Amino acid sequence: MRRPDGKLDEEKVFKDPVHRYIHVRDELIWKLIGTKEFQRLRRIRQLGTTFLTFHGAEHTRFNHSLGVYEVMRRMIGNLEKKSEWDPEERLVCLASALLHDVGHGPFSHSFEKVFHMDHEKWTRRIILGNTEINDILLQMGDDFPAKVANVIAKTYDNKLLVSLISSQIDADRMDYLLRDAFYTGVSYGQFDMERILRVMRPQEDQAVFKHSGMHAVEDYIMSRYQMYWQVYFHPVTRSAEVILSKILHRAKELLADNYAFKINPVHFTTMFEGEVTLKDYLKLDESIILYYFQAWEEEEDPILSDLCQRFMNRRLFKYVECDPSKQMLIWPELQQLFKTIGLNPEYYLVIDSSSDLPYDFYRPGEKDERVPIHLLMPNGELSELSRQSDVVEAISGKKRTDHKLYFPKDLLTDQTTFPEEKRRILSLLMNQEG
Amino acid sequence: MRRPDGKLDEEKVFKDPVHRYIHVRDELIWKLIGTKEFQRLRRIRQLGTTFLTFHGAEHTRFNHSLGVYEVMRRMIGNLEKKSEWDPEERLVCLASALLHDVGHGPFSHSFEKVFHMDHEKWTRRIILGNTEINDILLQMGDDFPAKVANVIAKTYDNKLLVSLISSQIDADRMDYLLRDAFYTGVSYGQFDMERILRVMRPQEDQAVFKHSGMHAVEDYIMSRYQMYWQVYFHPVTRSAEVILSKILHRAKELLADNYAFKINPVHFTTMFEGEVTLKDYLKLDESIILYYFQAWEEEEDPILSDLCQRFMNRRLFKYVECDPSKQMLIWPELQQLFKTIGLNPEYYLVIDSSSDLPYDFYRPGEKDERVPIHLLMPNGELSELSRQSDVVEAISGKKRTDHKLYFPKDLLTDQTTFPEEKRRILSLLMNQEG
Amino acid sequence: MRRPDGKLDEEKVFKDPVHRYIHVRDELIWKLIGTKEFQRLRRIRQLGTTFLTFHGAEHTRFNHSLGVYEVMRRMIGNLEKKSEWDPEERLVCLASALLHDVGHGPFSHSFEKVFHMDHEKWTRRIILGNTEINDILLQMGDDFPAKVANVIAKTYDNKLLVSLISSQIDADRMDYLLRDAFYTGVSYGQFDMERILRVMRPQEDQAVFKHSGMHAVEDYIMSRYQMYWQVYFHPVTRSAEVILSKILHRAKELLADNYAFKINPVHFTTMFEGEVTLKDYLKLDESIILYYFQAWEEEEDPILSDLCQRFMNRRLFKYVECDPSKQMLIWPELQQLFKTIGLNPEYYLVIDSSSDLPYDFYRPGEKDERVPIHLLMPNGELSELSRQSDVVEAISGKKRTDHKLYFPKDLLTDQTTFPEEKRRILSLLMNQEG
Amino acid sequence: MRRPDGKLDEEKVFKDPVHRYIHVRDELIWKLIGTKEFQRLRRIRQLGTTFLTFHGAEHTRFNHSLGVYEVMRRMIGNLEKKSEWDPEERLVCLASALLHDVGHGPFSHSFEKVFHMDHEKWTRRIILGNTEINDILLQMGDDFPAKVANVIAKTYDNKLLVSLISSQIDADRMDYLLRDAFYTGVSYGQFDMERILRVMRPQEDQAVFKHSGMHAVEDYIMSRYQMYWQVYFHPVTRSAEVILSKILHRAKELLADNYAFKINPVHFTTMFEGEVTLKDYLKLDESIILYYFQAWEEEEDPILSDLCQRFMNRRLFKYVECDPSKQMLIWPELQQLFKTIGLNPEYYLVIDSSSDLPYDFYRPGEKDERVPIHLLMPNGELSELSRQSDVVEAISGKKRTDHKLYFPKDLLTDQTTFPEEKRRILSLLMNQEG
């Protein structure tokens, strides 16, 4: 760092449509933003296939990562007024906020499922491995990269600091709710972040919220609830996800079968072979994926080519609601009918289930156990949020699951071939819904 | 069309962060949006390299095209209250608004310069050629595609209609000013579109504006002026443009030299050979370009590889203001010095000039002559805007040009080699600015 | 009306910060706005004493009434696309929306309590009595005023129309939630009105909402819930209300005692005597009330003068939470102590209770029974909102009540007199809160 | 002050719709807000009669004064990063910002004209006289009230500090442009205040602005220009002003004539007699004025009663543009005609002229000479704004004046009496305009 205090000679400012300005005063942060691993996030959309439903949602993980950093910077600014902060801990915290998503690949959700990858593991490898990011973190001390990685992995000693980045109300979620609402144009994600930051009070293990700010926190939980079902789990977005996953699945299958691709899909070969190097991983971005999808539209394999043109031209599958108990009864017949009319049901008849737990109090011993949000009451005691808020209580711990059955309706309504079978399929599917 | 009136059974709605909702009632429009040529616009950013300056500006031409359509729909809605509209003319107008940018390729500005292409010509070919768009337009009548193409080319008979899409205050500009301001987060692009639409009055050749709405129009002109210099001509954006153009230039040169690329750049070969087919052109999008740029980072050619990693990792050129009259004096020496230190000045020492004419009254006989904006005065007469508005008068007809000299400062400050020459270069460049 | 269709020659437009523009096309509406009874609403604040808590909330009932009219106009515009509307019914509906609050007096809540008045009765008298409003309504037909009065009284035949103005989701509530949120500056009152209006479907007795818009309706209910507790029942606002009521109470008592006021309070005398004429009532506005309050600051009566200076200079009572069951135990002692130190407990020790029922399904036979909100399900059936929405279910039918005890803390902390008693009082009060 | 550092134990926060939150950390400021002289500003609207044109503009000087304080607080926060600030100077500055308008009376503009009062003199008297404000200021030191008064009077030694409150770009103007735009609902007043504050740099005599922020400053000047002509000088607002002034004028005349008012106008008597005490002045607020206006609607004097009902019921005068040179020719005839038909031209035929100088560079020796805005250029030199900005140059130093002739058109169109004279009057007036 050029100055002993690690500050820039002149503050850098980014114009941001959500937080108005993003302020960078630390040379460390400025340099991290400039690394190629961080710049790569410009080529990975924040909301995957959501732009096919909400055309405004074309923003990238770069955009969001700067936002999380800024929320954290303001959060620390508020907490510093209430308690002492070690300057190094402050930088650990800011760097973790900035880098928490750096391991994400293109369309992570589908990729991870098909290729058994884990973006959190990649985040760790990027921070600790041979990268520009690692070089810069090392300038702060030998153990600095590990500290940042541990915060993101939630294994860091300072639990308060961990909670600022990963908890039920953290810098990450606050930024993405506001940002995704802004870019999609929906009004659901709005809440009063400024007020929430002002009522935060540091405790040993986590930040708590002054009781007087309960309604702002309540509003945040409701925003989260609304955004999940209105935006994140929108059935059209999931249709695009289904197709995307099936493309990857098909490519993997063809690779296994030594299918002769017209263009050698080098970026996929390594993934298929299981041993992806850091260098290879960092080459993956949405441009690469879309390049292949465009090329594959002209492949011989009819499934790969059909699915790719569907994704590129937004010719998505339609869906019906699907009750898993009923569905079993018709599943064998449906699958058989699909085969009869020449559609492989593995690719063209797909159940997708989404479920969300908008807020949870502590259920020890369970997987994904969550630290609850606590309010600081006027008498100085802590009280778990759902005990104070009727509306949060109403949705606490209630997992809601939604099942949908996706299929290419366009192929079924063209009744020049197999009219009877297609009518039967449509009738079975429509009955599902009622 | 399924219904005789061409209306959809149920109106379709897109959530849009700028106009809140985009409403589609006509089956024609709905089908055009679904074509693959139109969906391709999702892979072409509206503002080219601007996202490297304003990280929020990641929106695409798809996003903007829907916006222009919606502005036009509202504009017609207002004008229909004032005069009779032929239903077919209405659809010609809406389709033209939606499709006006459909011929754009990736980073059009640079591509057109280097490969001598013209997006307006491609728009015409897409509308009139063998495309899904053409198929759908033909359903409205044999001459319908030509009508739409003529509106966009400004050769259509109905001049009023042409002016709604291309004039100094049209649906295109109104949408992009609002939209680009929204996504960049700057406050400059705001103006009261609703008011402008309400004071529009149709005349034979163009729409004019009731005098009582002059200040809203004035505000629009000022927004335009501010956006050009604050956003569109931002020097950092231009730096990225300079690098992009030089990459394309280098690739073209290497192709001419039969350089052996590691990956055969098929998408470029056709362009280089001059005869691009419609099918080839439609394959070009930003994913393809970025795929090559990533691949080229590993090419042997040091210039191509350096420029590509600069673009991908945002390691842009720095700039100094440049006075063309002074600059000539030092140009030979500078170029010589660049060669001495091993940097090809053709690629590493670049002058970029931007100029804008924010508003102009009629200057007949000149290139790019513009139809002025007219106000409808209380006495029923028309008066040209700059005669009524001091501030518009102040900027009318005044072309402002800005010259900047771009160069890789990072390579000059590393003084392990040629320290003297590099110091001399830096000194010459810095003197430029004073 | 000048034109046979009752339309204005040129549409009139009001700039409105909440709905952007308010459009008036009907001469009837334009003339009603111009009446002196409607203009009087400019002198009555929408939120009574709330401006003493949220300084932004200085808007009047005039402001809100225009807003309700505009929401109704847009609502009808949407409904007209779905079903036929009788033009006269349309005007009945618009006039009712505009005039629904016209009987409100200054600080209605307190006035009605102390002087046993009823603004709904006054609305009826203004519409049916000898007023400019009545004259203008009569121009539409002899029974027109009665129709409007009946809609507002909810006794009109057309129940659908009544429900648009008075139901759990009506034009009145939609405007005030948005408007009060705008002027106070809180973020809670936001919801997507445009979407709600678009999913409204007329039924015989009321409007229902397409299931696909459920989340927008849910969001509206939550806004309502948040606004009640964050804004409308804010304890500081209620403190000002308490003082205001006590001033009126004191004035009434002094009038009964034939107290010799320095200035004869003619505007109050009639109210006191019980028989208020329409002409007298229309003279009451906030200026008149504040004029007296200022004058009364200099009255001999120490209670009246103290309370008035408290109200004018915002020297409000403080409060403690108050548990009615506990409170009874200390009440006799507290009252006695107040008397000892020379404070009349009737005026200086006041319990205020607020309670709200944010949403209710139908509970026949109960007072204030409410028509529930119904969703129109995809299968064409209706379903009550709380059956579909977890969060609405959580707050449905749950009346929440909050009790607070208000007192002049400033007089108790000055311990130059009765130090022991005052300490005892403060100790009793603080224990309340426990 | 309770704490030696003068800080509150807990920061106080006001929710503000314009600046989101207003933060008070200094006990001095908190106590000043609580004084009765400051609370009185809640009863004086910020924009006088503008609410009769823009119904949203019902906000008071209390509202604005808090805003100016908040802008100043942020301004100082930014400047403190650039230079040392004496803590006392900081408080002088904040107190001056808060109190700069405290001497305003109701509808100041008209009052000052008719009764020869000067709100700046009253501000001084309130700060230095026997008031709660003076008591609190004295707690900071004997000379503290004088310091604050001198800053407001622009006679304070520290010219930088004076310029923050009164210059062509100061905390007062920045707040009112944003605030008045917010409440009226117009879009013209928007500019990027955050950016302007960030590019401010303290100099000895005034704050200057970094050149890189020029466009934000330019945008501010344009906002100012637009707000003046779109809002502040709106002809309907001026019509209400004209009537208001004429009411005051008539009352004064009647007082001089010993007219027997039904209610003794005590609040006016002192003003009329010339010697207004501070105590009397502080009693004047809009409630008092409107109380009298309502009472005077029933006075015998036909002019007073007519004008009062016009103001209360918004039955304003209409206007024609008026060219002073032409107007002289018809003036004698017009006046005579008015007398003939029984209308006193002194009250019913009124010319109102408004003029504005949106920005000015230095013109030494002239009245109202203004300190120009300076930019800090990259080379460290200062440059006057209009030399750098074409648009500011265009409007610099150009005084624009607008003359309108107001008259009661309603009385002239009723042609049951004097039909010929009235037709002649209308014809003369309409010809004016052409």
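Think of it as A, B, C and D in the order they're written, each chain with its own count starting at 1.
The definition used in the following text is that a contact is a pair of C-beta atoms (placed from the backbone, for glycine too) under 8 Å apart; a residue touches a chain by one contact, two chains touch by 3 or more.
Because the structure is predicted, anything quoted here is derived from the model rather than measured.
Could you tell me which chains are in contact with subunit A and with subunit B alike?
Both subunit A and subunit B are touched by C, D, going by the contact rule given at the top.
Where are there more C-beta contacts: B-C or A-C?
When A-C is set beside B-C, the one with more contacts is A-C.
Taking the mean of the CA coordinates per chain, how far is subunit A from subunit C in Å?
Each chain's C-alpha centroid was found; their separation is 44 Å.
How many Å are there between the centre of subunit C and the centre of subunit D, using C-alpha atoms for each centre?
32
On a C-alpha centroid basis, what's the spacing between subunit B and subunit C, in Å?
52
Give the residues of subunit A that touch two or more other chains, as numbers and ranges in rising order.
Each of 20, 186 in subunit A touches at least two other chains.
Mind listing the subunit D positions that touch subunit A in their complex?
Residues of subunit D touching subunit A: 13, 20-21, 194, 198.
For a test of understanding, state which residues of subunit B touch subunit A in their complex under the given definition.
14-18, 20, 34-36, 39, 42-43, 51, 54-56, 58-60, 62-63, 66, 182-186, 283, 285-291, 294, 309, 312-315
Using the touch definition from the top, list the residues of subunit A that touch subunit C in their complex.
My answer: residues 186-188, 190-192, 215, 218-219, 222, 225-226, 229-230, 378-379, 390-391, 393-395, 398, 400, 433-434.
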